[in-house]
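Shared between the two complexes below is chain A, which pairs with chain B and chain C, respectively.
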Partner chain A sequence: MRERNWTLPLAGVLIVALVLGIMIGPYPLSARQILQELLGQGGGTGATVFWNIRLPRVLAAALVGAALAAAGATYQSAFRNPLVSPDILGVSAGAGLGAVLGIYLGLPVLAIQLLGFGTGLVTVALVVTLSLMIGGSVLVMVLCGIALGALAGAGISLIKLMADPDNQLPAITFWLMGSLAGVKRGDLMAAAPAILLGLLPLALLRWRIGLLSLGDDEARSLGVEVGRLRMLAVAGATLVTAAAVSMAGVIGWVGLMVPHMIRLLTGPRFDRLLPAAALAGAAFMVLVDACARTMARQEIPLGILTATLGAPVFIALLARGARQWRQ
Partner chain B sequence: MTLIEARGLAIGHGGQPILKGVDLSLRAGKVLCLLGPNGVGKTTLFRTLLGLIPALSGTLALGEEPITRLPRHRIAAHLAYVPQAQDLPFAYVAQDIVLMGRSAALGPYSSPSAQDVQLAQAAMQRLGIAHLGARDMTRLSGGQRQMVLIARALAQGAPAIVMDEPTASLDLANRRRIGDLIRVLAGEGKGIILSTHDPDQAAELADEVLLLGPGGVLASGPVQQTMTASALSTLYGTPIRRETLSEGAIHFRALPGLPSDD
Partner chain C sequence: MRIIRDLLAASLIAIAPIAPAFAESIQDASGRVVELASDPARIFAAGPPADVLLYVLKPQAMLGWVRAVPENGLQYVLPEVRDLPSLGRLTGKGDTLNLEGLLAAGPQMVLDYGNINPTYLDLAKRVEDQTGVTYVLLDGAFQKTPDTLRDLGAAIGVAARGEELAAKAEAIMAETDRLVASIPAKKRPKVYLARGPEGLESAAKGSIHSEIIERAGGINVAEGDSKGLITVSPEQLHAWAPEIIITVDRDFAANATSMPELAGIPAIDNKRVYLAPQAPFGFIDAPPSVNRLLGLRWLTAKFHPELAGEALPQAVRDFYHDFYQVDLSDEQLKALLGA
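Take a look at the complex of A and B:
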């Protein structure tokens, strides 16, 4: 099964998910309407929904899902730890802090995104610098990430406490739970380049990033410049995480769960895992977001859905046999 | 051809030398065996030879070049490493691990080609473990895992191989297989440097031995001249007798009695 190339089948799954995601919503679109719009023969309300609402939202979901899954897979390999995810370096919380601050200050959307992106990067830079100062081991870095993530969480709580309870607090709370409800074409255009830029080094270095999971001595003895490679991998993963968070809020579990499930298909080789996990993460997020906007009369935050799906699946994976990651 | 040449090497971590004045030379087609009590610095010496930690002083050359001038991938092209144990976070199959040996030959942005896969498979066939290719590394026996790691070293294509206690924790049959394999590889021109806690095995496998005592080299040279009863008694701090068996092999026996104080 591992020898099979999973990229094409998963790309097919993603295309089906994208089509379904565009069709499903409060204003349903038929497959025929989609085809007409793509061929430039559509019009009316359908066209507005397709081009201004559904397509940007579905593409944003796909990008966010791909980003979180790719970042999770990268962190897991780079830190030799199957139980880490984009949250581990405090990136999600750090980016969340900046975005919440932006909402509190009443900044425009783009500024909120930039602020979230900036604080996400600052958080990871602090984590890396601190862990290098303390000793540079992988465990120290993970613990620094947890500590700084908690600090960012405290900052978020403080801002929520100070926020206007009628106006700002609901917006902050909803955003923190993760949502693509308000995503417009401009948001997508702001986040997409950062996500693609971050994915580029991961894709180019995919064979070598896998070697990091052997441990530093072994990877070096195989010819890998471990320190530089890990920095590049972590920087790329952090960039895509921060960009995803500043567009869609904090969406947990995807970065942990998707790589684990895909590893069952592709095996642990990172060069096979990365494209498969990114495609699967994209398809997963598109479908979850479609559920989020149709399951109830009001939008359900994505973070609630991913946690509801992620926690049981993750426990099932654990029960299925810890031998997949052994520790 | 000299593959590794060390002169007056001082090694250790964080500026503190644990071994000083180490002279060592490994030639193609030869087996050099390191003997010494636990904690004397054998693994630290290996890590220095592999360029994983810098030598504190002295000179170390791989082939013609000082190791300090070689980038990581060129060290890997010259010297392969067979670690004593692996702690894998993921369930790699044996063939994945062997294929990783091709990394030094790849460009920074390349993944292994079909030819690299063939070379990895050839290395496994060479050791008679092709049938283990699709097996989970964590489910292999100790001997099988060791064979996989040696296959990776062969796939790496380096003329010299460092093996850190390759037969520790193996049963008698597997010790024999690995030992025979080491001799065969040396016969084909590989230079092999390994460590062991078994003087008999060193005497059987090695062309030369390096006896490492606390702080430095106790003795080094060809097996017959270097592995004397007195040298080994000093090395391990306990009386040891050397016996010559009927086939000409030598055997060491630790004598009963309390170890001496010095």
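Take a look at the complex of A and C:
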């Protein structure tokens, strides 16, 4: 059963999640209305809600979920470490710093997103450069990521301290908790190419990246250029994460938890894990986001929901894993 | 050396209230009666709401601003307070002033004004115990504004001004209540308060940031589950379908009617999106202080232009004259209220 290919069933799950996602929301849209919209026979407020708000949001949730889960799976394989999540090299903290700076400077929303995207990439580039200068082992890279992440965190705190407490501070706080509430079609158009561009090398190289998890020496003996391949995997995963975070804010746990859960289904083979994790991450995020917009009368930040769901699952996985790792 | 001298001077002044020359007293939000120095000339405002309260009552006793009035607001305050330093805030989370800084400013009392809860009461007591400076914490509930003006004015040696402003505040509230009472419940507008550049932050019903909306006879559609600030989605906005959107964000005010995802909301379609003036202080909150009295008057004019719109410019002039002690030119009035 472990060797089964889960891609098709999970694609089915994603389709169900997408259908549910576009049906659920605080503005009442019946299945018939949605069908009419899809057939081009709708109009009025229903059309605005469906085309400008709910559909972009559901698609953005799917994209962000797929991005974070795929990036998490990639990092975990490339670093041979199950505790690694997409923000381990500081991309979330870096993107957070850029976005918070953008809010502080009162920039337009698109500029805030671009700044977050840019600083996320720059942070990881710095981490990789530093670790190569120091010695290049995976451990050094992760520790550099933690250090620069902490530095970016300090920058965020400094900006919070200086921000106007009436307007900017709440905006910063909400942004750091992650949300898709304000996603527009334009945001989706801007983030989608970056996410797809980052996923492409991961998908194409999924066989080889899978070999990294055998250990550097064995991978090398199979003819893999370990250092370069790992950099490529990190670059792809980072691009994907930075794009997701700059659109949706900081959403933790998805990149850590979804690959682990899917690994229980697919086994550790990366070529099967990657598509399955991306599909499951997308479905998971679409459903979580549907909860975020309907559970209360106000928006519930995604970071709160993913952590609340993620932490218990993660502890359960730890308990299960501890038994296996001891063997 | 200067610092040491300042500190010495400050601590001497700080001890001053303990000297026997008590003149006035005021009951603060903790229920205790605080004895104050007679006609204190150096008062430290602990937060932005206290800044405004102190400015309208006794600007000559201000030591500085917690948050400096922004550049474009300076023309709307008295010249003598324009250059006062920004001293940082003292209470709540995010203190940016330490207690030595407080003492260095040499205050005879600390004035704090705003939300009351056990944390704030305890913080006030701790600061007072540690510094020896009398700390008066007053309840910032909007309804109590006239009493606060009257009582505090009497306590800090400006009884006549306190009485005058209290009477004006009462008049504004009474006029609003009369107007709101004359409007049938069905005609009360559904109002959304938009904050942030995309207008997707709001303040829920019952929050100190939005309480004057209901007071002005509007129905705040943001039925949040918290009393603070909330985020909402455009979809939720469609479901609420507000007839009027009040915003404190210039960008949102400029762009709201051209945002495709908001098309179809009554307030957007009818172009009833109003930017609340911000100078020298916000009309709606920012900070939630005496300035909201004018916000109340402004809101009734936006909600019911046929009843209260025409008299608004004169009301704004009067308020700036009475409370901020500046006489608005026609250009200034236009800049504040829009064309």
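Throughout what follows, the second predicted complex is superposed on the first by the 321 of 327 C-alpha atoms of A that agree within 3 Å, B and C clash if a C-alpha of one lies under 4 Å from a C-alpha of the other, contacts with A are read in each partner's own complex, and residues count from 1 in each chain.
Basically, a residue touches a chain if its C-beta (ideal position, glycine included) is under 8 Å from a C-beta of that chain, and two chains touch if they have at least 3 such contacts.
None of these values were measured; they are calculated from a predicted model.
Undergrad: For A:299, is the partner it touches chain B (first), chain C (second), both, or none of the two (neither)?
TA: A:299 contacts chain C only, not chain B.
Undergrad: Should A:9 be classified as contacting the first partner (chain B), the second (chain C), both, or neither?
TA: neither
Undergrad: In the superposed arrangement, does A:53 touch chain B (first), chain C (second), both or neither?
TA: In the superposed model, A:53 contacts chain C only, not chain B.
Undergrad: Quick one: is A:82 in contact with chain B, with chain C, with both, or with neither? Answer first, second, both or neither.
TA: first
Undergrad: Between chain B and chain C, whom does A:182 touch in the aligned arrangement: first, second, both, or neither?
TA: After superposition on chain A, A:182 lies in contact with chain C alone.
Undergrad: By the touch definition at the top of the document, which applies to A:193: first (chain B), second (chain C), both, or neither?
TA: neither
Undergrad: Examine A:166 and indicate which partner it touches, taking first as chain B and second as chain C; both and neither are also allowed.
TA: In the superposition, A:166 contacts chain C only.
Undergrad: Would you sort A:227 into first (chain B), second (chain C), both or neither based on which partner it touches?
TA: Touch status of A:227: no partner.
Undergrad: Based on the superposed arrangement, let me know which partner A:207 touches: chain B (first), chain C (second), both, or neither?
TA: A:207: touches chain B, not chain C.
Undergrad: In the complex, go through chain A and note every residue touching chain B.
TA: Within the complex, chain A touches chain B at residues 2, 76, 80-82, 204-208, 210-211, 213-215, 217-218, 220-225, 263, 267-269, 271, 323-327.
Undergrad: What residues of chain A sit close enough to touch chain C in their complex?
TA: Result: residues 25-28, 44-45, 48-49, 52-54, 57, 106, 108-109, 160-161, 164-167, 170-171, 174, 179, 181-182, 184, 293, 296-299, 301 of chain A touch chain C.
Undergrad: In their shared complex, at which residues does chain C touch chain A?
TA: 48, 67, 94, 96, 195-198, 200-201, 204, 222-226, 229-236, 238-239, 248-249, 251, 260-265, 282, 285-287
Undergrad: Applying the document's contact rule, which stretches of chain B touch chain A when the two form their complex?
TA: 47, 50-52, 71-77, 79-81, 83, 86-93, 96, 100-101, 103-104, 106, 108-112, 134, 136, 138, 156
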